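I've put the structures underneath this note.
Look for subunit A in each of the two complexes below; its partner is subunit B in the first and subunit C in the second.
Moving on to the complex of A and B:
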């Protein structure tokens, strides 16, 4: 029972990281309009940026790491946008998609050359204090992770709901040509949207590396797929539902491994996706909405 | 003063010619209408003014500025508003958010002026006020058209181009929309109106152009065109 409860806590924590990845994914798919497969590499790029920021500055400063992760993956976002999307808005959709697969392979191998393929221990910037409340045990690191995700999500929500620029990003995701006709610079704003999504993914990468306390270039692909899965569960473009999807996957995984071994973690995530899609092909998204 | 001048415009879609050597002029404070049958090139004319399609030849001047090669979003910022065919409002944004985004087209609008502008549109379109927190996609066709026009007016444009505002609307709503167009002109704006409903459009227009197979076949005062035998026969459905 004790083990089960702590797995639920772990699931919530990991789910919140997946949620952040999925939020980033949905922002990208929504604003740019293309599915991306570079997300995993963007995630790990953020983690590496934070790793080196910790190492060079030497301070145990989490905000610095978050900033480094965000900025580095923002820059990668610009690169991905320039290579994969900018010239292909009017081309068939699979061209941009294949381009993102190519960039993903390129980034992964570049990271292996530059950072080395070996596993690195992630520097621990949060001390391992554990709080106990009755049967519930939660570590300080887990609290920090969940808080970071909540704060970033609320910030994004505020931007999307309360600033004109955020609302215009949502408009772009609905109708690009209409957006251009009311004076929105669609190409520039789509790039910024891509960068915001990438930046959030980078921060998620830092958090997942801290929670596993390990870091290596090829660990990204699984997380990229998890973000994709969570986002599909939420209907691909809905940011709040993608977050719900991420939470569900984190919980399902961690509850699932209470009955088996942690090696089978991914099976639970992807089987969960298949089951949900068999029951509700549209994911969590509801069918109601606008007139046809 | 000359507001908009289109000179010798030609547009091709692949091998199909959409416009050949079409020239129009719009003066300030006028309602100009462009009529023609399906496929005559009316929408293409507006799309090339907004630079959404590639031009083969021709120049477009707006307030004496050459906008032929300007990107669409910059053209809007010069004060030229295009309300596209099929309304194209943002279905998942609320009515208020749709209107709010309308202000992007004019950089001189301050944050504190937005509320005042929105109220102005609500006065013009009381139906939108009732539905201000509803999603744009949940409105009826007529309300969506009103929202599209209101969104265009939010940027306080000098020239507003309306592409088939009466498309698919009930006759009583069409009349409402045409009354609004007259009201818009009375606030000092210039209107370029594209219509299939030729009788209605010509009756409110100062001048009109008749497009036929991508060419300007006729032009003249609205009333004159309304009584022109050819126009009557071809577009107004009069039997001889």
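Moving on to the complex of A and C:
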């Protein structure tokens, strides 16, 4: 029983990281209107930014790491937007798609050249302790990760619901032409939306590196796919449902491992996706045909 | 107009950097040269008249095992430079080209085939994994070019081809040795939980361990595998720790540090035994206090205090940017074995150094390396003595010396 509860806690922790990645992904898809294959690399870029920020100041300061990861990934988001999207809004969709694949490969190789192929440890960012409450064991690291994701998600929700900027982004997400007609600078705000999504991905990268205690340039691809999967589960453009999708994948993976083997982790995630899409092609969303 | 120009500049810069990135990737670090197909297979056997012996190096310069592949390249370079600075191998200058296999058997096979079909190359060093080497061995057998893997230890490799050599002992030897001498004799464990990498190498090690533990009367409470793309081991750690084994045996190389960190961050204090990475310094560097007390077996202990290897380690670090592991010095030794074979052939009066001569003389070559005598057995493998080492105060300490259990 204790083992099962441990796996649920592991699943919640992992699911919350997936949720943050998926939230970022859904913001990008919603605002920009294209799916992206650069997300995995943006995630890892954020982790590297935090790593070098820690090295630079000589201490493991989590808020500093979050800031570094967010800012660096924001900047990468500008680059991705300029190269992959800005010129292709009216072009066939596959053009932007291919561009994101190319930029993904470019970023991965550049990271390998600049940061080196060696694995870098990310340990002791926080003073880890284990808390035991009956059969439940949870580490301080897991609590910090879950709380960080919750706080960032609520912050994003606040921005989207309560600020003029957020209203603009939502308008762009719903209809770019109509948004332009009412005076919204669609190109600028779409870039900002892409950067917000990228920034959140960067923070997710830091949390991944903290949780797994390691980072290296080529580890992003799997996470990019998981973010995409969670986002698809949530109907692609729904931020709250993408978060639900991420949590579900984290839980399904860990419960699956409980009864079989970690070898099948990805199989559980993607079979779960296929089953959900067979039953509800729109994912968790209420309407068919999510954008784009 | 200005905005339009700016867009063009950004697009051009992106395109240029993309080309640079992709080129660097395909060349596995940028120093590989084009290989051309030989016109006639017979030419491959003709003598090398240029006074140069060209070595083709293949290893994973990218991906999860990138450190090991880059380690191959750097270590081979150090040995080649040393040998050439001392006048070459019996006067023959050594050169090398390297290519990235990314631990992918198809990619490795393509590279090895290119080397084999190009009469410029007399010998190949690589690859890192057993999966790659099994495929490569068929190719070098067909094209009759000697190939030496510094590291691959799959039990199917010894005797796989007359042209294939391994500097590493097989898992048929190492795994039962570790089970008996590390788990049972040194740690005194009655039960274990195993987590192993689900590859050819990992499943083989696991199979040999399970058999050995059964014979030794050690109970295996959990036996968990994972793919080489795995980065989150928390579920496996929970599974293993719930069974409360005396020892957690980790069968992995590149993920060993990550696994140690995740075991300790989950609050699990169970004794950890590693099988695979040897006494890699980066495991200690990447784990800090988490690796205190971790026990492993290794054929060599590379430390800066060891005068025999400190020079190599310093040079290696300067060039690679990370510390050398046993795998790297095995690659270094491989070049010296080739040089020794050439020197022996010349001493025997051979005037033509070709692939066949190198292969024949590798079979009898012996090199007194910084980590002990290196030679091949009748199956072209290598049985190396083992040390038992543990991490104490942030560094490896020999707990049982060579031959302790003999």
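Remarks
The working rule: the second predicted complex is superposed on the first by the 286 of 292 C-alpha atoms of A that agree within 3 Å, B and C clash if a C-alpha of one lies under 4 Å from a C-alpha of the other, contacts with A are read in each partner's own complex, and residues count from 1 in each chain.
Throughout what follows, a contact is a pair of C-beta atoms (placed from the backbone, for glycine too) under 8 Å apart; a residue touches a chain by one contact, two chains touch by 3 or more.
Being a predicted model, the structure only gives us computed values, none of them experimental.
Superposition model on subunit A: subunit B and subunit C are shown accommodated side by side without a clash.
Shared-chain residue A:254: touches subunit C; no touch with subunit B.
More residues of subunit A are touched by C (comparison of subunit B with subunit C). By the touch criterion defined above, A:183 lies against subunit B but remains apart from subunit C after alignment on the C-alpha atoms of chain A.
Once the two complexes are laid over each other on the shared chain, residue contacts for A:171 go to subunit B alone; subunit C is not touched. In the overlay built on the shared chain, the residue A:135 is in contact with neither subunit B nor subunit C.
Here subunit B and subunit C sit at a least CA-CA distance of 13 Å once the structures share a frame through chain A. Looking at the complex, you find that subunit B touches subunit A at residues 50, 52, 71-73, 76-77, 82, 84, 88-93, 97, 100-106, 135-139, 151-152, 155. Residues of subunit A that touch subunit C in their complex: 2-3, 6-7, 10, 13-14, 79, 82-83, 86-87, 102-103, 105-106, 109-110, 112-113, 116-121, 123-124, 128, 130, 137, 139, 141, 208, 211-214, 216, 218-219, 222, 253-254, 257-258, 261-263, 265-266. Considering their complex, residues 164, 167-168, 170-171, 174-175, 177-178, 180-186, 289-291 of subunit A touch subunit B.
Taken in their complex, subunit C has these residues touching subunit A: 7, 10-11, 14, 17-18, 21-22, 24-25, 61-64, 66-67, 70, 198, 224-227, 229-236, 238-239, 242, 254, 257-258, 261-262, 265-267, 282, 285-288, 290, 321-322.
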